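Structure incoming, see below.
A, B, C and D are the chain letters, set down in written order, and residue numbers restart from 1 in every chain.
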C-alpha cells in the first residue's frame, strides 16, 4: 500500500496515519519529500480498506500494490487448477465443449438435444430450469420439473449437466440433480449465493457479470474458494458497452489475462457473448486461439420455438458444423477436443 | 410490434410468421413494399419474445412499439404513487431525506447518528446489517445483531428505518425489524428476491444496478408490483462508465425521464453516485432541482473509523450543513423538507 | 511518481531504473521492503512517461502522484478564470446563458432566433456553419455563407456569437466573423486544432468528448493554454454509456469536480446532454444547482423544419418558459442571470 | 422507415407527417390500429433525418429499417474489396502483417526495425511522424524529418509504409512520402480529414474510434468512399469500457460482423487493443481465427527507450516469435502469411 499525503500536509497528519497502521501490525515507511510525504506500507495490505485510509486528514490518495485476492491468485498456486466432470478435464489440454438449450422446455426437447450432442462426443450438457428474465412476463423456467427432465435425459445419454442456480433455497435439490452449478452473470455478485456454493464441493461455472471488472470476477471466485470449494471454472460471456450491434461485447483478452493472474480455468460463452447466431462459430475459434480452456454454446432442436434466446441458439446441425470447423484451430493450438 | 422482413424474402416467410401471430391471438397487418415486407402487429405485444420472432426465417429485425412494462407505467396510473413512511410521503411535494451510516457497527455509533439526524428533523434512518462486499475479506456486516441495534436506536429517536436485504432467508426477520427494505444495486436483477419482497407489503427502496438501463430498472420494479406490492421507491445511484475520477457516474436525467415513464417516486443517492464527500452537497442540490422526490445520504459519527465507505460518509456536522444549504433549492422548487 | 518493483525483482533492476531517473534530473528514493522494493520519485514527474518506466525490467507498476496538467490546475491559479464576452462574465456569479439553433439555415431563421433570444436578455448566440455529421449524406452546414448570416444577425441584435470550428483552414475566417470558437466533442482530441486555437486569443468553448475522461478534458484545455490562450470555457455535454433511453449520459458531477481541480469556468449543454426536449429544463436547473457557470441550449424558430437535431431544439416560446422557470434556482444559488 | 404515432394521436397529426413524406418523394403507408397509427415508409430513407420526423407532433418514435450507409455496404458490392500495397493483397487469403514502431525516433531506430521485420517477410512498415498525445508535454513526433526517415529506410528494405495523418495541411507531403495513410482512433470522426483523404486514391487505414459504434465506423468509411476513394482498410483497435486491467477492450466480434455488413477488409491492432505486451500474441491468434484480414503490431528495437507506448511494443525478437507462433493458426484458417 502506498499512501500519498497532500502537498503541504503537516507532519502530524502523516504521524497519525502511521500510528494507525502500526496498531494494525503493519510497518509504515515514510519518505519526506520537499513537497509532500509518501508512506509505503509493508505487510498484509488486503486487510486494509482504502476508503478507511483515504478518510484520514491530509491523505491525497491511497494505492494498492498487490491484488486484493489471494486463493485464486497464480502467486498462491502456480499450476492450473483442473476441474474434472464426466471425464472432461477443464483446465487441461483438452478443450471442454458444453452444449445444450437455453431453457429446459420438455422431455422431448431435451432428449433430442442430448441425443444429438452426445453423438458429437459432447460430455457436458447445459440447460436452464430456473431462468433469470429481465421482465416478469417472460417464461421463468420449468423449475423442479425441469431439473428432473435434465437429470433423466442426461443419464440416458451418459452426459454430465450444468444448470443455473438463482435461489439458495434450491441448492440442495440442484446439487442432487445436476453435476455443475452455474452462477449466472446477474448473480456474480450475489455474495450470499457465492458463500453457499462455496460450502459445497460441486464444480461451479462462474460467469462474469455484465459490468464486472476482471478483478471483481476473481474476487467473486475468491468468495467460493474462501468458503472451501476449489472447483471453480470462470467464464467470459461478454460485457455491456455502448455498442448495440451485438448483444454484448465479448472481451476475449480476458482469457490470456486471467491466465496470467489466476490458476483457475476459464472458458468462453460465444452465444451470450455476441447474441447473434452467425458470430458464434468465428468467436468460438477466436476463444480457442487465445487460450480458452473450453466453450459453452446454446443448442436447441428448433430455435424458433425456443422459449428464450431464440435468435442465438444453434440447431444440432449447425452445432455439428461448428464442432467440425473448429478442429483445425484446436489442433493448431496443440489441444484436443 | 413491427416486424421487418429481409429484402427479397419470399412471401411465404411472411405468411409463416403471420400465422404464428394469429395463433397467439394477435392481429398482423402486412405492408408489401417493392423491396421488402413490413408487418405491423396489433395486440398485446408484451407477451411476445423479440428473440422468438427474430428466429423466424426471413426476418431482418423486430422492433417493439410499446414499453415492456405495464403496472409501473404512467399509462396504467397517471398520478404519482406516494409511499408513506413515518409520516414522510415519498412522491409528494415533501422532499424525503434519508440518512445514516453505511454499516451498523455498534449501538454507540447508531445512537450518535440517530440522535444527530433526528435533531435535524430526519424521519428515516438507513443502516446496513448485511453488507455486499466485493471481496470476502472485507467486513460483511453485523447481521442479526445489527438489525436489533437498528431497531432499538430507531425506536428511541422515533425514526423509521431502511436496511438492505441480501438473502431471502432473512426476509421475515428484516420485515419484523425494519420499516423499509432496500434492494441494492447488485441485487436489482436478483429476480427471486424481487418476487419475494413483492409478496410483502413493505415499502421497497429499489436501487438501480450499476449496469442497468432505465428500462431494466422499471422492469425490476414491475416484478415487485406484479407480485402484489405497490410500495416501491426507485433510486438513481450512479452507473458504471469509463470515468474513474468518480466512483460512479450519477445519471441525474434518470429522474425527469422516470417521471415521464412511470408513476413511481424516485430518489437519488449522491453518496454512492459520486463516492466523494465533497461532491455530495452539490449533487443533492442538483437532484432536488431536477425533480427528485428525495435523497439518501451516508452519515457516520466518525467516518475515518467506519468499517466501509469511509471516504464518502459525512459527519453529523457536515450533514447538518448540507441540510441547511439545500433549503433554498427546496424552496425554489416549491417543495418542503 | 511511485514505482513498484515486482516481488523478488533483483536489486540491480531497481538500480537501473533509479539511474535513469537521476539522469533525467529526478531524485529517486528507494524503500527496500521484505518482499519488494518501492521507489518514490521526487521532482517534476509530468515529463516522465509511465509507459517508458513500466517497460523497465522488474517493474510491476508505476503510479502518478500528481495530475498531469499544470496550467489549468487550481494549484497553479487559485481564483476562477473569468472569460468575458459581450459583457457576460463566464466564471463569475452571473449564469451565462447561450442559445441559438443547431445549424444556421437561412437569414430569416437566424433573424427570428436572434430577435427572440435578445428580447429575453440573452447576450451570446450559438449557431453552426460547419456541421460534423455522422454520415456523409446529412446536411453539412452552410459554411462561409452561414458565417456571414451569423455575423450579420448578431450585429443587428447586439449579440456575441459562438460557432464550431472543424477545419484549421477556416480559422482566420471564423476568428474574423465570430466571437467565440467552439471545439466540439468529436474534436476535443484534435490536437492540431487545439494548438492552433491556442495561438489565438479568442474565447474557446471546449466541449467534453463523448469518450473523454475529465482528466483528458483538462489536458485538452492544457493544450490551448500551453499555446498561449487562457480564455477557455469547458463544457460538460454528456458522455456515451450503455444507456439508450437518452442520447448521452449527462455527467453533472463533472461540474463540482472540475471546480475542485481547475480554475477554468465550466458550463453545461443539456440539449446534447440528453437529446430530449422534455429533459432540457430539469437538467438546466440541475446544472445551475450544482454550480455550473452557465448553460448552452439549442433554440430554433421551427424545430420540426430544422436540418439537424430537430428533436432536441426548443422553440423560442419554450425557451422563454425555461428562462423564466430557472429564475428561482438561479436566485437560490445566489447568482444572477 | 417506420413511424410510430403516440397512442391516441389524432388522425391529422399522421396526415401532416404523411404529407411531408410525400413532398419528399416517398410513399407513406399508414396502418390505423385500434390504439395507435403506424406509418411504414417506402423509398430512400437515408435522406430522411430521424430527428426531423421525431419532431413532428404526435410522433412517438421513428425507426430505421435499412442501414444508413450505401457504398460500404455488402448490398452494394458482394465481393470483398482488396487493397493492394507492395504486393500484399489486404482482403484476400493472405494475412496482412504490418509492423513497426509507435513513433519514428531516429534513422538508426528505423533502420533496425526495417531490417529486422523485412527479414521476417514483412512488406508494410508502420511508424508515426505526427503523434496525437493526450497531453501537450509528451513527445509530439518528429514531423517532416520523421517522414523522410520513414521513406528512406523503407526504400532501403523494399517496404511500403503506413503513417498517421493528423492535419489536412500535411496531406500532400504525407501522400508523397508514404504509401498508406492512417486515420487514427481520435480522428475517426474528423469529417473534414475524411473528406480530404477521400479525394486521394491512397490506401487508407481507418481505425475505429475509442467509443465509436460499428455503424459509425462504417459511416466514417462511407465518407471516404463517397468522396471517391475506394481503398479503405478498416481496423478494430479496441474500445473504451469500464475495464481498466487492459488499456482498451478489443472487440473481436467486430471482425465477423463487419464482414457480414460490408465488403471492406478489416484488420486488427492487438497492440493498442490490449496495451499489454503479453496479450499481443494470443490476441493476434484470436484475430486471425475469427477471420481478420491482417494485423498491425508495434515493434521497436528497444522498447524501454521508446518515446511513446513503451509498455506495449515488442522487440524484434519477440515479434519474430509471434510471427512463428501464429503460423499454425494461419494454416488452420486456410490462409497464407
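FYI, contacts are C-beta pairs under 8 Å (C-beta built on N, C-alpha and C of every residue); 3 or more make two chains touch, one makes a residue touch a chain.
This is a predicted model, so every value here is computed, not measured.
A.B. asks: Pick out the pair in B-D, A-B or C-D whose interface repeats that of A-C, meaning over half of the contact pairs match by residue number.
C.D. replies: When the contact pairs of A-C are compared with those in B-D, A-B or C-D, B-D matches.
A.B. asks: Quick one: which chain's Cα centre is the longest way from chain D's?
C.D. replies: B
A.B. asks: Rounded to a whole Å, what is the gap between the Cα centroids of chain A and chain B?
C.D. replies: 26
A.B. asks: So how far apart, in whole Å, are chain B and chain C when each is placed at the average of its C-alpha atoms?
C.D. replies: Each chain reduced to its C-alpha mean, chain B and chain C end up 31 Å apart.
A.B. asks: How many angstrom between the C-alpha centroids of chain D and chain B?
C.D. replies: 39
A.B. asks: What residues in chain C touch two or more of the other chains?
C.D. replies: Touching at least two other chains: 211, 240-242, 244.
A.B. asks: Under the definition above, what is the set of chain D residues touching chain B in their complex?
C.D. replies: 2, 4, 7, 29, 31, 33-36, 38, 40, 42, 60, 63, 65, 75, 211, 240-242, 244
A.B. asks: Residue numbers of chain A touching chain D in their complex, please.
C.D. replies: Chain A reaches chain D through residues 211, 213-215, 239, 241-246, 249-253, 255-257, 260, 273-274, 276, 278-279, 282-283, 285-291, 328-329, 331-333.
A.B. asks: Spell out the part of chain B that touches chain A in their complex, as residue ranges.
C.D. replies: Its residues touching chain A are 46-47, 49-57, 68-69, 132-138, 140, 166-169, 186-187, 189-192, 195, 210-211, 216, 219, 222-223, 226-227, 240, 303-313.
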